[in-house]
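Okay, so chain A shows up in both of these, paired with chain B first and chain C after.
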Partner chain A sequence: MGSRASSLLREEDIEEIKKETGFSHSQITRLYSRFHSLDKGENGALSREDFQRIPELAINPLGDRIINAFFPEGEDQVNFRGFMRTLAHFRPVEDNEKNKDPSSGEPLNSRNNKLLFAFRLYDLDRDDKISRDELLQVLRMMVGVNISDEQLGSIADRTIQEADTNGDMSISFSEFIKVLEKVDVEQKMSIRFLH
Partner chain B sequence: MTARTRFCGGLLRISRALRTVALSLVTGCVFSVHASFGAVHGDNDTSHSSGHGTHTKTHNTTYPATRAFPVLTVNYDHVRKPFEISLWILLASLMKLGFHYIPRVSSVVPESCVLIVVGLLVGGLIRLLGETLPVLDTQLFFLCLLPPIILDAGYFLPTRPFTENLGTILVFAVVGTVWNSFFIGVVLYGVCQIEREQLAAVDLLACLLFGSIASAVDPVAVLAVFEEIHINELLHILVFGESLLNDAVTVVLYHLFEEFASEGQVTVVDACLGMVCFFVVAFGGILVGTVFGLVAAVTSRFTAHSRVIEPLFVFLYSYMAYLSAEVFHLSGIMALIACGVVMRPYVEANISHKSYTTVKNVLKMWSSVSETLIFIFLGVSTVAGPHSWNWAFVIITIFLCLISRVMGVVGLTFIINKFRMVKLTGKDQFIVAYGGLRGAIAFSLAFLLPSDHFPMKNMFLTAIITLIFFTVFVQGMTIRPLVDLLAVKKKKQTKFTINEEIHSQFINHMLSGIENVCGHYGHHHWRDKLSRFNKYYVKKWLIAGERSQEPQLISFYNKLELKQALLVAESGSAANIGPGLSSAALLSAQSQKQRTVMKNISKEREEEIRKILRANLQKTRQRLHSYNRHTLVLEEEDEWSTVQLRRQRVELEKRMTHYLTVSASGWDSPPVRRARFQSDSQEYMAKPSAPVSIPAINMELVSAPPGSLALLEEVTDQAQQSQDEGCGMHANSHEEKSMKPNVTFALELEKQKLSRCLSDPGPNKIEVEAEEKEHFLS
Partner chain C sequence: SGVCSMEDVWPMLRMAFVVLVLLIMLPAMFGLSLGITEAYMKILIKTLEWATLKIQKNSEEKKTLKPSSSNGLIQRDDSSLEKEIVELRRNRTRPVEGGDFALSDVFYFSRRGVESIVEDEVTHRFSSEELASWNLLTRTNNNFHYISLRLTILWGVGVCIRYGILLPLRVTLAAIGISWLVVGTTGVGFLPNCRLKDWLSELVHVMCYRICARGLSATIHYHNRENKPKKGGICVANHTSPIDVVILANDGGYAMVGQVHGGLMGVIQRAMVRACPHIWFERAEMKDRHLVTKRLRDHVNDKNKLPILIFPEGTCINNTSVMMFKKGSFEIGGTIYPVAIKVEPFCLIYPVAIKVEAFCLIYPVAIKVEAFCLIYPVAIKVEPFCLIYPVAIKVEPFCLIYPVAIKYDPQFGDAFWNSGKYNMVSYLLRMMTSWAIVCNVWYLPPMTQQEGEDAVQFANRVKSAIAHQGGLVDLSWDGGLKRAKVKDTFRQEQQKIYSHMLVRDDSSD
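Presenting the complex of A and B:
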């Protein structure tokens, strides 16, 4: 099964993905076999149902949002390139990468891009602001059904109040970055993809 | 002028401290001198002290017949042991006090060094007086002095960084220690062979044994030094975790080599058995600790009626775990740590707030005293111990220890970094290597060596003591300037903000999800699984009453948390909301005020909201701000309790209004109401006084319905009274304002009372409601 899966992936593709995302060859093949195992319809792309079939993801409070993050705007299918592009955000930051040429643009797994990914999970309507409602939604999902709305609202208000520096009652991306400056995002938002 | 007064003041303080010290020393010495004289007198004194009432014949004959009635007698032997122990502890504590009055010293020299020096001085003093010196008795050390420190460390172990770095810590502890032992042992043996004259008698096994003793990083010394330099969490947990976990290795190696040295023959089978022994020791210790921890958690479930002895269970079970592990020569330290770590979340959910504070403070106090005593005794034992100085041996030992430590750390880091996400930099490695301090455990182990098998025991002892002194003094003193010089990251000072908490949890969830997508069973996955297992299966058994069924109580609790937070904010902003507002309006008004009073975020409110989040966000992470023994986390006990009282008052008012309005309007549908409260009372019937971490204040519930009715009457009576008294409470509604009870009730107690009154099936049912209605509506 594994060899059959990897044979569907061409060398040029692997090279391109490697350049774009920074994954190693073995990591890409391993993730491709995972992609393949998720892809029940065998059409080379994943749909939302494929993701929802993953058991733990259903229990995850942010499950739906995470699934949505894989799909580009308005599409219902994600191919392997898109899959890898999303996963590239979670590659650990390596020190030697800082020396690579800056002209290729910021790598997908930089601190900024990691935070941007997280920000996009909050900000569903893509207006580059986390409004109070969006925050409330997320809080509600994480906390469960036990807490009253007014309580949650108060927490949300407090959160925005803490972060908001320009007084627009919502958290912009720069405010988001600032609030998390003490958090070790590089480590928290990294997954060790085994070689 | 001011400099002069400051100088005089400092001098005065120092002289005062020294005076007290000298006084205690002199008293101690005088008494011990007297004691020795008393011992010399032998028979008479012992028979005299062994029983005041019983006069034996011989005793009678030795005393002259005409002897005036002794008005004042001195009998020191009687109390000698406890007296000396207390005196030592007093001395240790006074040292700790005095240490902080000498400002220059405390910033340069770590406390452990000063204490050793004091020990040396005291030892010298005692020797001058010609007394027998108390040596650091191994029994005393391992059974009395070490457990409190380890328990303190284990109970307050920051589990998250520990588990995240567990692999690294284990590699350092196990592989590093083994490497150290063998390297030191073998090279030392080589040196001894070369240096034929004095050291030829030292054979390989003895050297290996010495190596195993000398290689163990000591938790006490590490704690003492690292607590003061405030390096970042990662390095702290690496070195400290290593020092804790290498106990298993040390125990195994020590016993292994001791066995072999006495037998003189080593086979391959023995070596394999040694490795098996290691696993048995380590996992056995952890198992024993876990079992005792779980038993402690179960016990704490039932302590609702005897809150006063709750801390005792924590201590006793932990100590029993340690002792039980020691019985089987398993690793007592690991048992103790496992017990503390396992016990903690459940016990804390069960015991009262006051008991929790007691546990924390007693642990810190005890471990502090223990540590001080250990260092002082080290100093004294140095003066006392039979020494056999051998320049070559000692210098080579120190040299080898340093080299092997550095090599071990660098080599292992090279391997570990391949598996770590956040690599250890060179600076980190240096600190880890430099922070490998030796301490009293090494000394005690050396002391334990039987002299018959090890004729060179004195030499070993001297070498170990020198090693300890070197690491504690030289490395301990220089590590602080080195940390500053190398600009190693220090511990982050600020507390987490609400944002950080929420976003961190958010990121955790996100990471779990992504890990699931990748099919990667990583750290987050297992942590999720563990917390879910914990939630569904374990908590039911180990947490008493309602706390295990989280939804209802938590929501109630948090509702009040919020109300209390609002109240605190209100009182803080000094504006009184009028009585006409409903609670929702109050909230919106409050939030408006929040926006204007933006920067004044009171500490208590932060704590409130943080507590809500911590309790509810589905991954409960215990984040400790510090477990630094020297600076306890400020708990703000007093404000907390007054705030709690206020909260309960509000709660009571709220419930009163609720039932008021319900009973007034919903009179036509009593069965519905009763049915709802019936379900409430079902739970609460079974466990009348369920523990919540609010300090439970005292009204005991009478179980019979008429009794509860009486209580209810009492409540309403007092409510009426207080109305007359007119206490100033911020109230949310008109009805609430009309009854401001002056008494405070425990939360669930109150809930039960009212629910029982209203839902109790029985003959007085109708009267209850009628009575109540009458009271309320009148």
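Presenting the complex of A and C:
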């Protein structure tokens, strides 16, 4: 007579996820319920179709890129650990005060990692560089058919010109960070999780 | 001798069973009550309260905070795309030319996207509502762990009662109710058309629904009965389950609209139609818009016929929200000068779009329209158009739409039919092994379209009224999302707004 969804999630797993992501116990169980409700095939992993079934995500212009961020290179299933690891990027930074563990390395929701998440939305082929072509493709996703190729091209050129410091006509991660140094990343890339 | 064996007990049990059935059924047929169901509900409530306290005490002891399903997982603020992107770009200088894009723009979309992955307004509407505390049914046991031996025993006893006593009782009552419906309506069908026939037909129908309602241990509270739908009108309600029909029809006669089925359902449908007019469509007929419109229109025009019952959401929603009332329209043939109303197809959906040709807008308006049913709200697309002021036009037949809100109390049984997950038979089985069905029905006064209000606004106003009255969330998402993908137009809207931010007024794109 245990509960159905969370009986598949063991206490040890919850503890590990807690350490890795910084989410609290109750947040993890509730997110597991959510994971379970999205998992229509009930095989303990989400596919791209499971994400696409969320209407609000389907109408998001960058929906496909966001979905992609959950899936490791070359795979099309994401398990709960992977799901939580990606969501952890959006934890607010203030929440880290309680879990100060020096040995755990940089937390997943650090400013750097949030920027890395955004960087990877642009970096389509995962080669750690945003090329002009990639930038154009992402821009096209965001504007649809409303802007001409030439205009979009000039926007892309200007953006790369502003960011590119080493002249390789593409934006590396460190250049990306430099451009966005004045932006309040911690707040804008955070979701207020309730306890 | 003196030992009570199985052979002695069995006939006694059978007798008790028959007596119980009669005691529940006979008074129900006449709208009276012996108080059996009420007593049952009292005991049930006391038991569930005890169980709830037990669970709460237990979770306090163990210091495991049970997540309250009324709070969300995250706190969202619905600031607009423009506001957020402007904020993101705050600390940089706007480029002189070549469009206004910043690498940080993507933050907005990614945050909104991940928020919707964690929690969204739509997907959970198509699965059952989460309960705040367990009601001793395994099917609602999502987040509740093993608590105590006593509770488990109680649950076990509950299972025995529900499957051993309630289920056979209810199946019997349902069988009696349906048989009575078939026999009664067939009998009434032999009478010539007269007022007696109508009265008897209504009586037979209502009796059957009352028996079925007892069969589900349904307790229904009706509010604002002065607004009850009248003949020649259309009753519109939010949809949660096929049982909605039983709930509403307990309080009066409605003409049903639906597809012709085979098997037992078909037998019932054919019998019902003998006593009073209902509207059953063949599957092929539903595609023919002219036919659909004509039949519905003809029915509504006859002021002696019972009001039609329609569910405009188009699908079952889990009773926490009211989703989009579909736009639809009727095709009304016969061009009458000065108005020719050509309405597009489908079964009555809120609101109705009317394409008007050769139209004169006259104020104040009394329009002589033939064979038309006025359905609120109405979107009128007028072409060609001439404004004349004032002229009197004679209006003939019209029907009113009566909105109705239905809200089930999930504590005693989950009435929502997740048709993707359960078929009709397993759904009915679940209904009959629930504790009870408790629901509230509010009759809302008929609404009319205000001046300066278009059809979509009017539809949303009616939908809001139903949602507000029933304590349901008012959503503009389409119930069709249960099965179908969301339309691309919504994404295109977002893209359009964002494009305007990139390339301002000076560019023509």
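Basically, the second predicted complex is superposed on the first by the 185 of 195 C-alpha atoms of A that agree within 3 Å, B and C clash if a C-alpha of one lies under 4 Å from a C-alpha of the other, contacts with A are read in each partner's own complex, and residues count from 1 in each chain.
Here is the rule we use: contacts are C-beta pairs under 8 Å (C-beta built on N, C-alpha and C of every residue); 3 or more make two chains touch, one makes a residue touch a chain.
Bear in mind the structure is a predicted one, so any value in this text is a computation, not a measurement.
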First (chain B), second (chain C), both or neither touched by A:78: neither
Chain B versus chain C as contact partner of A:53, first or second or both or neither: second
Which of chain B and chain C A:186 touches, first, second, both or neither: first
Partner chain in contact with A:116 - chain B first, chain C second, else both or neither: neither
Partner chain(s) touched by A:31 [first = chain B, second = chain C, both, neither]: both
First (chain B), second (chain C), both or neither touched by A:92: first
Chain A positions touched by chain B in one structure and by chain C in the second: 31, 34, 37-38, 51, 54-57, 59-63, 66, 87, 90, 118, 121-122, 138-139, 142-148, 151, 154-155, 157-159, 163, 176, 179-180, 182-183, 185, 188-194
Complex interface listing, chain A residues touching chain B: 31, 34, 37-38, 51, 54-57, 59-63, 66, 70, 87, 90, 92, 95, 118, 121-122, 138-139, 142-148, 150-151, 153-155, 157-159, 161-163, 176, 179-180, 182-194
Complex interface listing, chain B residues touching chain A: 419, 421-423, 492, 494, 497-500, 502-520, 522, 525, 528, 532, 550-551, 554-555, 558-559, 562, 565-566, 583-584, 587, 590-591, 594-595, 598, 601, 605, 609, 612-613, 616-618
Touch list for chain A against partner chain C, complex: 1-6, 26-27, 29-31, 33-34, 37-38, 51-63, 65-66, 69, 87, 90, 117-118, 121-122, 138-139, 142-148, 151-152, 154-155, 157-159, 163, 171, 176, 179-180, 182-183, 185, 188-194
Chain C - residues contacting chain A, complex: 65, 67, 71-76, 84, 87-88, 91-92, 95, 98-99, 101, 103-124, 127, 138, 141-146, 152, 155, 477, 481, 485-486, 490-496, 498-500, 502-503, 507, 509
